[in-house]
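First chain A sits with chain B, and in the next complex the same chain sits with chain C.
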Partner chain A sequence: MGGGKYETQMCVIIVEDIFGKIVSKVLETLLNESCQLATLVYKLKGQIKTVLIKKSLSTLINFGFVTFSLDTNNRTTYVADSEHIQYMISAPRACLIAKTLYGPSAESICIELISQGRLTISETIRRIKATDETAEFSNIKHSFEELVKSNFLIRVPAVESEIHGCPQFITSFDPFALPTAIMEKKEEKVDESTDTASTSRKRKADSTPSDADAGQYWKINWSRFNGYLRDELIIDYLIGGGSTATMTHMNHKKGEEEDGDRTQYITQNVAHLMFKMNEVRAKPLSMDSITVSITDLQRLVRENELNLSKPDIEFACQILVDESDGIVRKVGESNGGLYTVDIRHAIRQICRHHCESLIREQFEGRAIRVMRLLENRHFLDEEQVEKLSMMSGKEAREMLYALVEEGYVFNKPVGRSNDFQPARTFYLYYVDLPRTVRGLVEYTCKLVRNLVIRQRHERTENKQLLDKDANVQPIIENIRASDQLDDASKLAQIAEVEEMYLPGPDRAQLARFRKAQATLLAAQDQSIRVLLAFKLFLASGQS
Partner chain B sequence: MTSVKEELISEVESEAQVMQIVQAALEGIDMDALTSMTPGLPQVARQNAINSLLGSKKLVIQQAPGGLLRLKVNTSQQIAGTEEEQVIYGLIEESKTRGIWIKELRDGSGLNQLQLRKTLKSLETKKLIKTIKAVGTTKKCYIVFDLEPDMSLTGGTFYSDQQLDSELINTLISVCGSYASSRRKHAIESNPNNIQMQRESSYIRPQEIAQFITEKRVLNVPLSLEDLERILEVAVLDGTIERRADGKIRACAPRSSISPLVSVPCAVCPVVEDCRPGYVISPQSCDYMKNWLAEL
Partner chain C sequence: MSGRGRGGGGSSNTMRSVANALGIARYDMAKMMSQQKIEPPALYPKVQRNPVPLEMTTDMLYVSRLKVELDQRMRDSQFFIEAEKEDEIKRYLDKYSIIKREKLDIDISQMPSELVWRRSSRKSSKESRAKKRKLATDDSIIAEKLNKLEEKEGKNKEEDDEDKGEDDNESGSEKSAAEEEENPLSDDDNQEEDNDYISNYFDNGEGYGDGGSDDNMDGDEY
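Up next, the complex of A and B:
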C-alpha cells in the first residue's frame, strides 16, 4: 500500500495524534515496508517492547489501519492501509453526514464506531446511553438500522477458521444483514444499561449471556461515505460552491425561496435527485455514468415529496446540460428524456479546477491560458505557445519554464538527429494531468501533515490555558446549577470566577486558540476532500 | 527593298513575340524554353530582338538559383543611378512587402560585400529603400521605401516596434470580455422569465464586437476580423467567454469558487520544499501559518 513520502508522514502524524508515539512508530515501520511480526520485532529491537508491539498491532488492526494475510510461504504478513488512516480526517464530516441524513442518534452511532473502530450493536447502544442518558433505545436502534440499510455501516466478517495461525474470515455472507437477536435482547439490555459501570464489569466477566449479538461487529463503511462525499463534490462543482445543501436539505427549501432563486432551487434538487438515483443502483465508488430518465426523476420527486413539476424537471435538466461543461448530457428521448451524468468527466473537471486554482495563485492568470492551450492542442513548441497565447516570446518562455518546474506542464525532446543536440531538437510541451495530480496528491498530503502538526503545536502551546479552562468550567457549571442563587448573583459569581482564573488576555488568547483550531480543522477537512477527488481521478485511470 | 522591309517588319514582330512570351512567364524564362516557344524566328532575329529589348530595359536577365540565366520582364521603375543600384533596387522591389535579406541580395546580384554595402547606403540616402527588422529576429531586411512591410514581418496589428504590445492585447481581451458580459447581463434582464431566450440572446457574433471596438475607437488602426478571432481565442482560453459550434460567443458565468487548497499558506509558501517538522523551517515555527491563523 505504498504512498509517497509525505503520504506516509501524514498517516504517521494522524495515528500519532490518536494513539501516541509507540503505535505510530509501529505503523511507520509497516508503512515503510509490509512485514511479518518477527521482522517487525527485529526492526524495532531496542526501541519498543515486543508486548507493546503486539498491543499496537492489535489496536491498529482493530481500527482497520493494518490488515494481515498469509503470504506464499504461509507466514502472516501485516500491511498498513494508508487510505484507511486518511479517513480519520474526514470522520467529522462523516458524522455530519449521518446527522443530516438520519438525525442525532445516527451521529452518536458514527462517533462511537469511529472512536472504537468496531463494535457490536448492543455495545454501541450501551456506550451511547452511557454518555447521553436521554438517548432512547428504540431511537438508536432505528438509526442503526437506517444506517445499515443505506450501507453506511458494514458487518465485519466473522472468523471462520485458522490456517497456519492466521485467522480466515467468512467470505460469503450478507454484510448488511442485521442480527435479529438484538430485538430479543431488548428488555434485558435496557435493564443492564441503566448502570453502565456494573454492565461493563459484568461484560468483562461473562459476556456471552448478556449479548446475543456478541461477535457480530460493525464498522463504518468508508467507501459508502466516500461515495457520498464524491457526489457532494460533484454537486458542489455543478451548482457552484454556494450550495451546502445535502440531499436531505432539499425539502426544507421549498416555498421560502423567491422566484429568482427558484431556478437555483430546482436545479439543485434535480442534481441531487440524479445522484440519489445512483445510490440505490450502483456500487458506492463505481465510476460508471449515472443514467436517469425524466420518469425516474418524477418518481423520486413523489417519493421525496418535493414541490417539482415535470416542466420544472425538464427545465433543470436543460440547464444542467447547458451549463455543466459536458458533465450532464442528454442521451435519448425514451422515458420522457434520458440524461447521463458523466462521473469520470466530472472528477476530471474537478481536478482541473483545483490545478488551475493553484496555478492562478502561484503564477498568474496567463499561466492558466498556457495550460489550457496545451491541454487543447496537446503538443506545442515554444514558438507555437507564444503565438497562440498572444504573449511575447520572453513571457511565454518564462511561463513555460515555471510551469515545468512546478510540474504542471512537461516537455518532450524530439531530436532531429539522434544525438539530441539542443540546437537540433524540438522541445514539445504538453499537459499530463494524471502525472500532475500524482504530484499534487503528495503535495496535499504534505499540506495536511503540516496542518495536523500545527494544530498539535497550538494545543501544546496553549496547554496551560486549556488546563485552567478545564478547571474553571466545572466551577461555572456548578454555579449555574446551584439553586440557592438568583440569576443576577449567578452571573456576578461566574464573572468573578472567570476573572480570577482566566484574566482578560488569557480569555482572548483562548478564543483565538479555539478559532485557530476550527480553521485548521476546516482546512484539513477541505484538503482531504480535494485529496479524495485527486485519488478518485487517479483510480479512474483516465489520461 | 521588299526584302529589307520584310526584315524590318519581322524585327518588330519578333520583339513583340518575345515580349509576349516573357510576359506570360511570371517566373521568367530561360533561353532554351524561349527558343522552343518561338520556332518561327531565326536564331539571329531572336537574339536581336532580345538584345534590343534588353537595351531598351523592357527585359532584364536574372540569375536563377541553379545558375541558369532567365529573361524577365523588367518591372522595376527606372531609377537614376548606377548599374549596381538598379540591379539591387530591382531585387528589393521584387521582394515586394516581404523584404529581402542582405545575403539574398548578395547572391542575387553577384556583387561583393563592399560594393553591396555602398550601393545599399546610397539607395538608402536617396530614400528609395528602407531597412526593417522582422519580429523575433535580428535579421535586417530591405524593402522599397513606399511599401508597408508584410504581416509576417511586423507580426500584425499587435506589434509595435517589433515588440508584442501586451498592453493592447490585454485591453482588447478585457474589452471583449466586458462587452460580452454586458450583453449577457442585458439579455438576462430583458428576458427575466425565459431562460432559453436569455441564453439565446446572450450569444453574439464576433462581428458585433469588432463593430463595437471600431465605434468606440479602442484602436487607431482598423481591427480585422482575423485579429479579433485571435483575441477571442485567447479569451476563450482564459475562460472569460465561451464559443458555440456556430462561432457565436458569450460571456461565461463567473466561477467564483476557488480551491480550498489555496486558502492554506502552504499553497504559495516559497520555502515549502524545505519545510520539515522539527527543523528550522517547520510547521510549528511557521510565520505564514501564524499570520494566517491570527488574521481570522
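Up next, the complex of A and C:
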C-alpha cells in the first residue's frame, strides 16, 4: 500500500524492533515495491540467504504484514500491508480493551494471538495453560466465545485449493462461526494435559492433528478494535479525558456520589450507550451516523442495570446537543426523541482540535484566531485577516507566513493581470484541512519512528543494568520467600543484596530508564491514536 | 520572499515591490542576501515553548508495561530471525547471552508452496545421499578407466618415450579432471534441481539479469 517515506520507515523500524534486522530488510524491500519471490531474492542477493528470505516471508505472512495473490501471469506476488504493521503499536491497547470488557482471560487470549499471529482455539488454550497454571478451560473458552461474538476475533479463511503453488482461500464463509468440536476437543485436551507432557510433544512432532479444530485459525480483528478505539476517541472528545468508563463497564459507583458528579455521570453513560447501540448493528469503522431514540436508550439502561431515569436521559441528550459543536443533534420527536451522532463531523472536529493544539504549541493563541477566521470565511487576503483578527498589520502578516511555512494555511495567488506580477496580484489565504492532515500523518509517523528508535537506544544503553537487575530479582524473591528469617532481617538482607549488586547510582539510573521507557511507550500509544483519527479523517474523504 | 523565487532573474523593480509589500526595507534586503546561510538547520532546533508533558494515567502505565512484555516476547519468540554468526570470535560468555528460541514452526499449508524452506532441505539431504551413490559409481568408472589406461600403457610400453610421456600426461589430466568433477558435480546437481524448481513457478526471465546471477544466487542457499 502506498505510504509516505516516514510511514515506510516507521513500519520497518517497528518490525525491526520485534523480529530483527533480517525480517525488516525483507519487509523494506517489499514496502518499496511489491514483487515476486524470485525478484526479492535477486534484490537481496548477497545480503540475505534464500532460506532466511523464505522464513522471513512466512513470518510476515503469518502475522498478516504481507499478503500474497496470483497476478495475471500466475506468479505469486507479495504485497506489504503497512496498516497492519502499525497495529503492533496499538496491540497493548487492544489487550487492555479486551481485559476491561471481558476480564483477564480475554486479555491473555489477545496476548497469545498477537504474539503468535494466528492460532487455533485449542492451541491458544494450551499456550495459556502453559504460562498460567491456574487458568481454567471453561473460563478461557467462554472468553474466547465472547470475543468472537463481539467480533473482536476473526477466522482466518481456510485454504480451498491451490493454483500454481498459491493457496486459494475460501471467500464465502462466516468469519465468526465457532467450531462445534470445541467441546470434544476440550475433553480431549483434558486427557492430554493429564498425560505426561512428552506425549503431547510427541504428537506435535508427528504433526498428526490431535485437535478437532486443527487448521481453523483465528486472529485479532483489528478493524473491530480500531472501531472501538475510534468510539473511545469520540467519547473522549465529547466528554473530555478522564472518563474511565468503558462501553460495557459503566461506572456504576459514581452514581452514589454528590450532585456535581451526577451530571457528568449521566452524560458519560448516555454517550457510551449511544455508541453501544451502534456496536452490534453497523460494520466496524463505518462512517455512517448513529441514530438513537430515547426509548432505545431506556431499553439499554434497563439491560445494563444503570441508575438512570427517563428525565436523566433527556437531560443528558440535551447537554450533548448543546455542548458537542454539532456532533450530537436532535433530528426528530418519534420514540421520545430521536438523536443522531455524526461520526464524520466528530472525526473532523477531533482532527481540527489536534491541529489547533499543535498550532498553540508551535506559535501562540493568536495563530489559532487567524486559523479559525480563515476556516469560517474561506478566502481572505492579508488586509482582511489583519482587520478581522484585530491584530496589527505586521503581526498578522508574520503569523500568516509562519502558518504557511508550517503547512496549516495555504495561499492562492489570484492575478489581476496575466503576468501574475506581485504588485497586481492578490494572495488569498485559506485553510485546507485534508492537506494539512496529510502532512500531519507523515509527521506523526516520523514521531512514532523516532520514539521506537529512541526506546531501543535506551534499552541497549542500559542493557547491562537490566541484566543485573534480572539477576538480583530472583535473589530478593528467595529472601522474601524464606521462612527462617524474620521481617527485619529480611529487609536488611534485601537491602544488602541490592547494595552489593546495584549500588545507589545504578539504581537511580535504572529508575530513570524505567520512567523514560514508560513515557516513550505511552507516547507511542497516544500518537498512534492520533494517527488513527487522522487516517479516518482522510479515509472519510471530506474536505 | 515568495515573490523572489517567482521573479527569478527579473527586474529589481519587481523584487523591491515584493519587499515593500512584505515590509522589508532596502538595506535589510541587502543584509539578508549577504548573510545567507549555507549550512543545514540544526537537527534539534530549540523549541520555542516546552511541549506539554504527557500525563501518565493508570491505563497508560499499564499499556506501557504490557508493551514492554509483548515486545520482549516477540524478540524471544521463534519469529525473531537471526543469521548464524560464523566468523566472529567465540567468547566464553556467548553461551549465556544466546536466547534459546523455538524452531520456526508455521503452518505451511497457508503459505504459497514456493516459500517452503523445509522441503528443500529434506530434498537436499536425499540428494546428497543420491549424490554420494553417484559419486561412488563415478569412482568405479574412474577406476575402470584408469585400469584400461594402464593396460593400454602396458601395451604401448615398447613405443616411443614421447608417446609414453604423452600418455602419462593424458591419464594424469583425466585423473585430475575426474577429481575436480567431484566437487562441481554436487553444485551442478543442486543448480539443476533449483533451476527446475524455480522455472516451474516463474520462468519469466525477469530478475535474472544473466546466467551468472543464477549461479551465485543458488550458491547462497547452500
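As a working rule, the second predicted complex is superposed on the first by the 524 of 543 C-alpha atoms of A that agree within 3 Å, B and C clash if a C-alpha of one lies under 4 Å from a C-alpha of the other, contacts with A are read in each partner's own complex, and residues count from 1 in each chain.
The criterion applied here is as follows: contacts are C-beta pairs under 8 Å (C-beta built on N, C-alpha and C of every residue); 3 or more make two chains touch, one makes a residue touch a chain.
It should be emphasised that the depicted structure is a prediction, and the values quoted were computed from it without experimental measurement.
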Between chain B (first) and chain C (second), which, if any, makes contact with A:Q362: first, second, both or neither?
both
State whether A:G46 touches chain B only (first), chain C only (second), both chains, or neither.
second
Just chain B (first), just chain C (second), both, or neither: which does A:P422 touch?
second
On chain A, which partner touches more residues: chain B or chain C?
C
Of the two partner chains, chain B (first) and chain C (second), which one does A:S392 touch, if any: first, second, both, or neither?
first
According to the stated criteria, A:K310 is in contact with first (chain B), second (chain C), both, or neither; which is it?
neither
Contacts of A:A523 with chain B and chain C, given as first, second, both or neither:
both
Taking the superposition on A as described, I'd like to know which of chain B and chain C A:K55 touches: first, second, both or neither.
second
Of the partners chain B and chain C, which touch A:R75 in the superposed model: first, second, both, neither?
second
Both chain B and chain C touch chain A; at which residues?
361-362, 393, 519-520, 523, 526
As the complex stands, chain B meets chain A at residues 136, 158, 163-164, 166, 169, 195-196, 199, 230-231, 233-234, 237-239, 253, 255-264, 266-268, 272, 275, 277, 282-284, 286, 289, 292-294, 296
Please give the residue numbers of chain A that touch chain C in the complex, ascending.
17-20, 22-23, 36-39, 41-43, 45-46, 48-52, 54-59, 61-63, 68, 73, 75-76, 91-93, 95-96, 111, 114-117, 156, 159, 162, 164-167, 215, 217, 242, 361-363, 393-394, 397, 401, 411, 420-423, 517-526
For the chain C and chain A complex, residues of the former touching the latter
1-3, 6-7, 14, 17-18, 21-23, 48-49, 51-52, 54, 56-57, 59-68, 70-71, 73-75, 77, 79-83, 104, 106-117, 120-121, 198, 200-202, 204, 206-209, 213, 216-218, 220-221
Footprint of chain B on chain A - complex, ascending:
236, 240-241, 263, 315, 318-319, 322-323, 353-354, 357-358, 360-362, 365-366, 368-369, 372-373, 376, 388-393, 395, 444, 446-447, 449-451, 453-454, 457-458, 512, 515-516, 519-520, 523, 526-527, 529-530
